[in-house]
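Common to both upcoming complexes is chain A, partnered first by chain B, then by chain C.
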Partner chain A sequence: MGFLAYLARRAGSALLSFFIITIIAFILCRVVPGDPALLMVGSAVNPEEWFKEYQKMRALLGLDRPIYEQYLIWLRDIFTGNFGVSYRFNVPVGPLILERLPATLELVIPTVVLALLIGVLLSTPKFFRRMAWADKLASGFSFLGMSISYFIWGIFFIIIFGVSLNVLPISGRLDMGIELPRITGFIIIDSLLSGRFEAIGSFLKHLIMPVAALTLYEITLIHRINRSSMLSVMKEDYILMDKAKGLSQFHIVFVRGLRNALIPTLTLLGVQFTVLLSGSVIIEKMFAWPGIGKLLVSAVTYRDLPLIQGIIATYCIIVIITNFIIDSLYGKINPRIKYV
Partner chain B sequence: MLWLMLRAIAGNHRALFGFTILLIYIIIAIFAPLISAYDPLSTDMDHAYLPPVGLGGTFEHPLGTDGLGRDLLSRLVHSARIDLIIAFLAATGAAIVGIPAGILAGYLGGKVNRVVQALTDAWLSFPHVVFAIVLIAALGVRWINLVIAITVIDWTRFARVIRGEVFGIREKEFVKVAETMGLSNLLIITSEVIPNVLPTILVVYTLELGIAISVEALMSFVGLGVEPAIVSWGNMIAEGMSYIRTCWWPVVFPVLAIMIIILALNALGDGLREIVDPRTSRVLR
Partner chain C sequence: MSLLRVENLKTYYYTPLGVVRAVDGVSFEMEKGEILGVVGEIGAGKTTLGRSILRIVPEPGKIVDGRILFEGKDLLKLSESEMSRLRGRYISIIPETPILSLNPPFTIESQIKEVLKKHLGYSDEEARRETLHLLEQVVIPDREAILKSYPHELSGGMCQRVLIAIAFACRPSLVIADEPTTSVDVITQAQIVSLIRSMQREYGSSLIFITHDVGFASKLCRRMFIMYAGRILEMAPVEKLLTSPKHPYTKALIKVAYSMRSTKPTKGYLYTIKGSPPSPTQPPKGCIFEPRCEEKMEECSKIDSIPLFEVEKEHFVSCLLYR
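Up next is the complex of A and B:
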């Protein structure tokens, strides 16, 4: 029962955030200069006829209703999976976003996994006497890394590996000439399913730089927080007890210590996740990676309001799902955590 | 207070390092036209892609030129102007909105607190770059709109930190005493609360300067930041990336300029935090 009640409360606050964000986005999209109906009507010989057409278009787009009604209609529609029709592509927004979503997840998921693994690992040398040099190195990197965002890493990678050494491709997801049938949209899965294994190598080569740029930045944040929470955990009495019992330092650090230190790190990861999504927008643009971030930038350029709103709602949903996953991980890591 | 702060900064290595660099950047921004004789916007196609000194360039263009033959040193130092103006305006804007929100939420509690918390939670649960892109789309691509966008997005940084701080201060004896003496809320806030959160405000403000500079770079990079007619570090990077295969220096210099100032501001922020944290500091007491 405790978990359900906890979930209900979390869902409540997540929904509140969802409404605040989408309402603000909705209002912003309405104050965008340029009347979409005006753009779509085209010209007619007769001004009166033109005006009739224009009014019809406004009614069709729902722009003649008051703004709160427009929002409620939009809200009702997205709960039935209908995100509206893109002005620019003239196709439903939902499928358009779903088509690009895998590419974004292909960047975000490896980044989270790698950054968590490496960041946590880098925070452990502090507790092994012979590894003091590694801790110094990691902390130095972490301090410098704070000031080097994914943006700067990305540019340096492009210059060094993409242009000077010319060993890694700087744009897209696959080499030219590799055609892959679209089954799930995830390249690795698709190439396994269709037996086109050469696509995997090409894809990984394209993936290295964008993921590395995002990961290196995330690592520094995770390392900082996990190291400081390890420092306080390792002072606890139960760790002293473990030492007295003669457990190996390895066991103490990796099993006893980390398990307890990970809680604040996970909390940070939840907050940090939106930073990672921000980063993916920029990195997608930088590496011409066809995800929803790149789609958003072009939607803004073309004033494609339904598409902009759909992408914003998608980002909200991604954040909500991620926070839900992180919340349920807490209980796995520390069974004493009760959801109250 | 100011004198004490400066003395404290001089006594902390990180803070001193950061403060010195910031000061140098400000001086460069102010005297930009004296540092480089070239107009940052004037093109000279006969002298495009000139390399910097050390890579075959001459001291006529110490950092070389870009694809349109514009002097990079001149562009770099003139960019410092708009970037620092954006940084200081945006951080000030965020502070002006965020500080009162944080103080009122923390001091009054109740409904005000709940509203501020709901807003900061909502802000925290959404990618800021996406938010900024939509704001700029609505407002238009102009540098002043970037200032507005950063203010609208980052006021929560001030509000969150200060709200937490004020919660603590509110329970302190001197506030309780002031209350029993019958002082008005306004008087207590201005005479007891604000002086005590001032050091924290300074730390958040310093970090916000760095954030604003990197936001300028990101947003100009995607073409939704400073208008292309104005030279800024972000615009230099955006343009340079379009001919990155031909030459790299037009991109590298603005990137380094951004990296160094953000490093300096982070060091200053960290140093200030050490100074004002009562557990590590004796200077300010």
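Up next is the complex of A and C:
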């Protein structure tokens, strides 16, 4: 029926974008300067011997084959689930990424949720007569925040709260000495499962600064887009009619208006989720957060092609899933939007 | 005591291009159960007048002066929360843009039920029963299906009927119908008008019937007034207005209406009023109709704010000819 056909079409286009993106990434990895084999062969006294070593290394890594063959091999590796073997760590890439992914999601998900809640909330005072001051304040903050990026906030927080006041930890996810068995990789879930509740408090303390650094900028984005879409929605005839029916301004703004205004905001949120996924690299580095970001930096430094390729494929899958969720939300929020 | 008494009401829009005096010193009165017609061209200020009574004039509009006495209370003195208890309960509106006036992501059912729940304290079950009853009243077929549907799935005529149901749901004392016939076809127009008429009788509400069509107004109302550029030019019982109009504008308006409706071939002749309505931000000095008037005198452009003169019982004209 309609929904199944829709799902099939979505899956088809998702697969297509997956191939396109990974092929582009594949080619890019191989044309940028920096030969991984070169980095991996040590220096030898004899140039001839060195060159033999080098050739052997290329053959070992499969780099001597034509590029399409390399891609096909990579595809085969995907279906075995290991995404190839990392040059540097010499272990399958799949498990390596899965080990780091939870930590990154632990940063990105709270950021997106908080930014949505706070950003949307800040966009509403405009529509209450006695809250004009709050709207001015929010808009001022938004204007300021727009020009300050994640890592400036990060540095600022580290200096103030981490160093000067010394009230918040500046690195890692847990205090030293807290041991937590790894079950899912998500600290909150693992500590609930293993009954080690003291880990949650320690984790939240570590989470505050990196999440705050990521969130502040996102709030200003959400605030601005939601405020402007609310401005146009609140001028609609149906809002006037809601008022004529005697609904309270609170109800009109938070239910009647917001539900209509949320579509562009959600679109932005979806985009920002994926931007944050890679954008958190800097923050992860800054706070020594054991997420994918750190992995990606080292992969690029060592020209660890399977690892780079694997991380890109992971991002790609997450983007596809996010878009699917956001698109289904559209239909829930606004029945005029049909599956197409 | 009259149900509604509007005194010297002024509602202005403060636009970047200047102040639009959409309603500029309107006064009238209406009795309980009465149907009052408000007739005027595009931009005469009819919608603004209706919205002013409910105090829902959108930005950058503002009610700057006057009194609106509803059952003796001045609505302009009520707090916002007192006012919202009144809206939809005692005074309601049938908007001029039916397809744009239902909130898109909410079902028809919830948009009717909420007024019953909010104003009459109905339980969900009671509200649902009453909603079905209302839909029957406004002659909607396939009611269960309509309840579940969303506004975009309904035709303009259906939206109009739903909005009529909402307007009458709480048996209000006053319903303001803002050009309910403008956005539907001719056959539906007649149905909508007779529907509003029968709802008004059934629910015992008074009705302000806003229209640009003298014909429709004369079929429905006992009295009506003619609005032009934010002011009332003439107010009279319908027969008097049609048979012996006094104001030059009314005379012209009725001539136009007759020449449009006449079934006799007119050899391509249609009567028109020369000129166009005054610029909303820069109205002429003196009588507002003076630039287009065929009977103008010298003083007409000099005397500001011409009052309504009573030429006969219940017949008022704002024109120096009848001083």
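Here is the rule we use: the second predicted complex is superposed on the first by the 289 of 340 C-alpha atoms of A that agree within 3 Å, B and C clash if a C-alpha of one lies under 4 Å from a C-alpha of the other, contacts with A are read in each partner's own complex, and residues count from 1 in each chain.
Criterion: contacts are C-beta pairs under 8 Å (C-beta built on N, C-alpha and C of every residue); 3 or more make two chains touch, one makes a residue touch a chain.
Fair warning: this is a prediction, and the values are worked out from it, not measured in the lab.
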| item | value |
| --- | --- |
| Partner chain in contact with A:178 - chain B first, chain C second, else both or neither | neither |
| Chain B or chain C, by number of chain A residues touched | B |
| Contacts of A:238 with chain B and chain C, given as first, second, both or neither | second |
| Which of chain B and chain C A:118 touches, first, second, both or neither | neither |
| Partner chain in contact with A:249 - chain B first, chain C second, else both or neither | second |
| Chain B-touching residues of chain A, taken from the complex the two chains share | 13-14, 16-17, 20-21, 25, 28-29, 31-33, 144, 146-149, 151-152, 155-156, 158-159, 162-164, 271, 274-275, 277-279, 281-282, 285-286, 293, 296-297, 300-301, 303, 308, 311-312, 315-316, 319-320, 323 |
| Chain C residues within the chain A interface of the complex | 51, 54, 56, 58-59, 80-81, 84-89, 92-93, 95, 97, 100-106, 114-115, 118-119, 150-152, 163, 166 |
| Residues of chain B defined as touching chain A within the complex | 118-119, 121-122, 124-130, 133-138, 140, 210, 214, 217-218, 221-224, 237, 241, 244-245, 248, 251-252, 255, 258-259, 262-263, 266 |
| Complex contact set, residues of chain A against chain C | 235-249, 256, 259-260, 333-336 |
